[in-house]
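Read from first to last, the chains carry the letters A, B and C; within each, the first residue is number 1.
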Amino acid sequence: MSEILSLNNVTFSYTPEDHESRNAVENVSFAVQEGEWIAIVGHNGSGKSTIAKLMNGLLYPQQGDVRILREVLTEENLWESRSQMGMVFQNPDNQFVGATVQDDVAFALENNGVPFEEMVKRVHAALEQVKMSDFLDHEPHHLSGGQKQRVAIAGALALKPKLLILDEATSMLDPQGRGEVLQTVQTLRAETGLTVLSITHDLEEAMLADRILFMNDGKKFAEGTPVEIFALGDKLVELGLDLPFAMKLSKLLQKEGVPLMGQHMTEEELVNDLWTSNFNK
Amino acid sequence: MMEKMIFGRFLPGNSPVHRLDPRSKLLFVFAFIIIVFLANNTVTYAMLLAFTLLIVFVSRIRLYFLINGLKPVLFLMAFTFLLHIFMTREGALVLDWKYIKIYEEGIRQGIFISVRFLVLVFMTSILTLTTSPISITDGIEVLLNPLKALKVPVHELALMMSISLRFIPTLMDETDKIMKAQMARGSDLSSGPLTDRIKAVVPLLVPLFVSAFKRAEDLATAMEVRGYRGGEGRTRYRKLKWDMGDTFALVLLVAIAVLLFFYRT
Amino acid sequence: MDIKLQQVSYAYAQGTPFEKRALFDVDFEIPSHTYQAIIGHTGSGKSTILQHFNALLRPTSGEVHIGDRIVVAGKKAKDLKAVRQKVGIVFQFPEHQLFEETVLKDIMFGPMNFGVSEQEAEARAKELVDLVGLPENILEKSPFDLSGGQMRRVAIAGVLAMEPEVIVLDEPTAGLDPRGQKEIMDMFYNLYQERGLTTILVTHSMEDAARYADNIVIMHEGKNVLSGTPQEIFKDVETLKNFRLEPPRIVRFQQKIEQMMKKPLQKVCLTEEELASEVARMLREERAES
């Protein structure tokens, strides 16, 4: 497994001359391996969106470096690096450039000078992957938020990137839209082993990841599997996040004196434990 | 209110006119506007009218929409018609009542002018009704391409136009939302003294502008991340295809021009 | 102040070839001092309905009674300002309506449009900034210098400053992080409890409807199809499925527990706390019996 992306001791400040203000990102290091799904979580202002911008060269760190496929990201290899990453942003409307769905998916291909026949193939293949093939000539204002984000994903996939970055891609969507997008990403991973990095404050999304990076006040607060991270329990709530439903219920039940063993992330685990701890007589 | 506006008045369809390349339609209408002035007698005007109605028939556009297109110029049409009726004093006297004298030539000229208005409006309406705004932009871009040699930023202008077009429905929706939100806070654009109503435009325009700038910023970032760095080395996804139908349309135009030329006085 | 919808239908672009019916003979009542939730799939008519509550839209047939005012189809209603003051609407992403130079001026905009004096409006602004959880020094700042969450609170304060009798909330937590969501919903619930502010929550979130509402109205394809207390509504999973809705997590989990224990709990639980204590109680009973 190769390393797709890494941040190495990255420090960044929006106001470097102002020594009073704190750094937006402070000495952060992490690596994304091929095939992984990493989630970066944290409250608004924790530095997660700044990290997204550092990852694709919209910002350059004052200290440390960002490496794409083990090469340090610089202005010289910027465009080459960007073609290896696909990014989906938060606002479904403000990234939709094309007049129709297929035009928008083709945008990145046009920018990279891909020949016409190849473009047509890739556009159709990408839309097939996100299940939007029936919407080729639809205009954006006739699409729901979830549909627009799926088109954005198709647009990112058209360049056959090594990494898909979702920057709060589900925050502005209704529950159905969120479900559609997450389902799409999961299917993509199952079918193609796509590497995904998602920046989010949505628990459900974070729980789908292989590893979670928890940011707080610009620093990396914790890194680990979802189980390890959610074991931090109340600390998460203190730092502005929420706990999975099963975990919340589990704590409440234990407070009411119901005997249970350990923490539970999923409802199945909780139901099973309730049974074994209370009914297996 | 917003839902009553059909943007660009484009009505999707599959008629032969819909399927024409936008370039041929643009050239056709442009040339037609000039050819119209070749007509100067009953025969030629009748030919023009017949030709126009033929195109309307082939495009399968409902007359309702074309007549709607006439509404803005109806006043002008009626005005020039009446001007001719009462002012042109040639030909046989048709009506003599008190001090109103109407001559045959006045009626003829009045009708001719009205027909001219009608065919111009109908033909340009057919253009916008059968061609999506984005096709029109594409057509204009390709037709203006030669200007690149003169350092005119044709690609950038076309991209600006296509992005603006794409956002018009979105911005219209947003305007509606902001208007409703401010109305819900007691803002009143439709009643009260004029100065108040002008002031009531501020709570509508400021949020709209702020959001438009944010959109522009977000969009520029997204475009950059998706590899946009100007027109150099870009390929085109939306291709225009010129085929027999387009050549035929232009041939038809030349034919009508020739006919008009022969039959005019 | 009650709001009644009687056989209300609404069609967009009426009379043009693009006419589109959005509401079909909608008929229900919002009694004073209650907390109602209106739930429905996107396209069910929720947003069309809420615009009838303060006469932003006039029905194309039927009547809307807002307190003493009656808005009837066909007749252009005059002087709707009073209605707009009494029924305040917090639209989705309300931060998009901010426009003034300072937060203070923006909050004062609403009340002053309704004839409230400058002093009174300023006093209300100061009180409300605290209520929505913002520091007083924010009043002098430009609304555009604030974070998204802060802007939203300012917008909410601007609507509350009108001192409406009814407040309509259109997806008030859209786009907020979990903590922000809880704070906003708790704030409105407190207003409801402490001041009796009639509250209408239009939402996708079954969880919020379960937790806060006294009564739920379900909209489906332009018609109100179901109405009742949360317990009544969420019991019938099959019917909800027909309307492409799912009961809240809590209810679904309760069903898993009931399946496991092979008997029902005493009531339909609407919050995690309720469910925890119900399950604990039941387990204690089971152990006592055995």
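Simple rule for what comes next: contacts are C-beta pairs under 8 Å (C-beta built on N, C-alpha and C of every residue); 3 or more make two chains touch, one makes a residue touch a chain.
Because the structure is predicted, anything quoted here is derived from the model rather than measured.
S.K.: Using the contact definition from the top, classify how the chains connect: line, ring, star, complete or other.
M.R.: Here the contact pattern is complete, since every chain touches every other one.
S.K.: Relative to chain C, which chain's C-alpha centre is the most remote?
M.R.: B
S.K.: Measuring from the mean C-alpha position of chain A to the mean C-alpha position of chain B, what distance in angstrom results?
M.R.: Here chain A and chain B have centroids separated by 45 Å.
S.K.: When the centre of a chain is set as the mean of its C-alpha atoms, what distance in Å lies between chain A and chain C?
M.R.: One centre to the other, that is 30 Å.
S.K.: Which residue numbers or ranges of chain B touch two or more of the other chains?
M.R.: none
S.K.: Show me the residue ranges of chain C that touch chain A in the complex, using the header's touch definition.
M.R.: 41-42, 147-149, 171, 174-175, 177-180, 204-205, 249, 253, 256-257, 260-261, 272-273, 275-277, 279-280, 283, 286-287, 290
S.K.: Enumerate the contact residues on chain B facing chain C in the complex.
M.R.: 3-4, 6, 64, 174, 177-178, 180-188, 202-203, 206-207, 210-211
S.K.: Give every residue of chain A touching chain B within the complex, in rising order.
M.R.: Result: residues 56, 58, 79, 82-83, 87, 89, 91, 93-100, 102-103, 106-116, 119-120, 123, 139-141, 155-156, 159 of chain A touch chain B.
S.K.: In their complex, what parts of chain A are in touch with chain C?
M.R.: 43-45, 144, 171-172, 174-176, 201, 203, 240-242, 245, 248-249, 252-253, 255-258, 267, 271, 274-275, 278-279, 281
S.K.: In the complex, go through chain C and note every residue touching chain B.
M.R.: Contact set of chain C toward chain B: 12-13, 16-18, 20, 51, 54, 56, 81, 84-85, 88-89, 91, 94, 96-99, 109-110, 113-114, 144, 158-159, 162.
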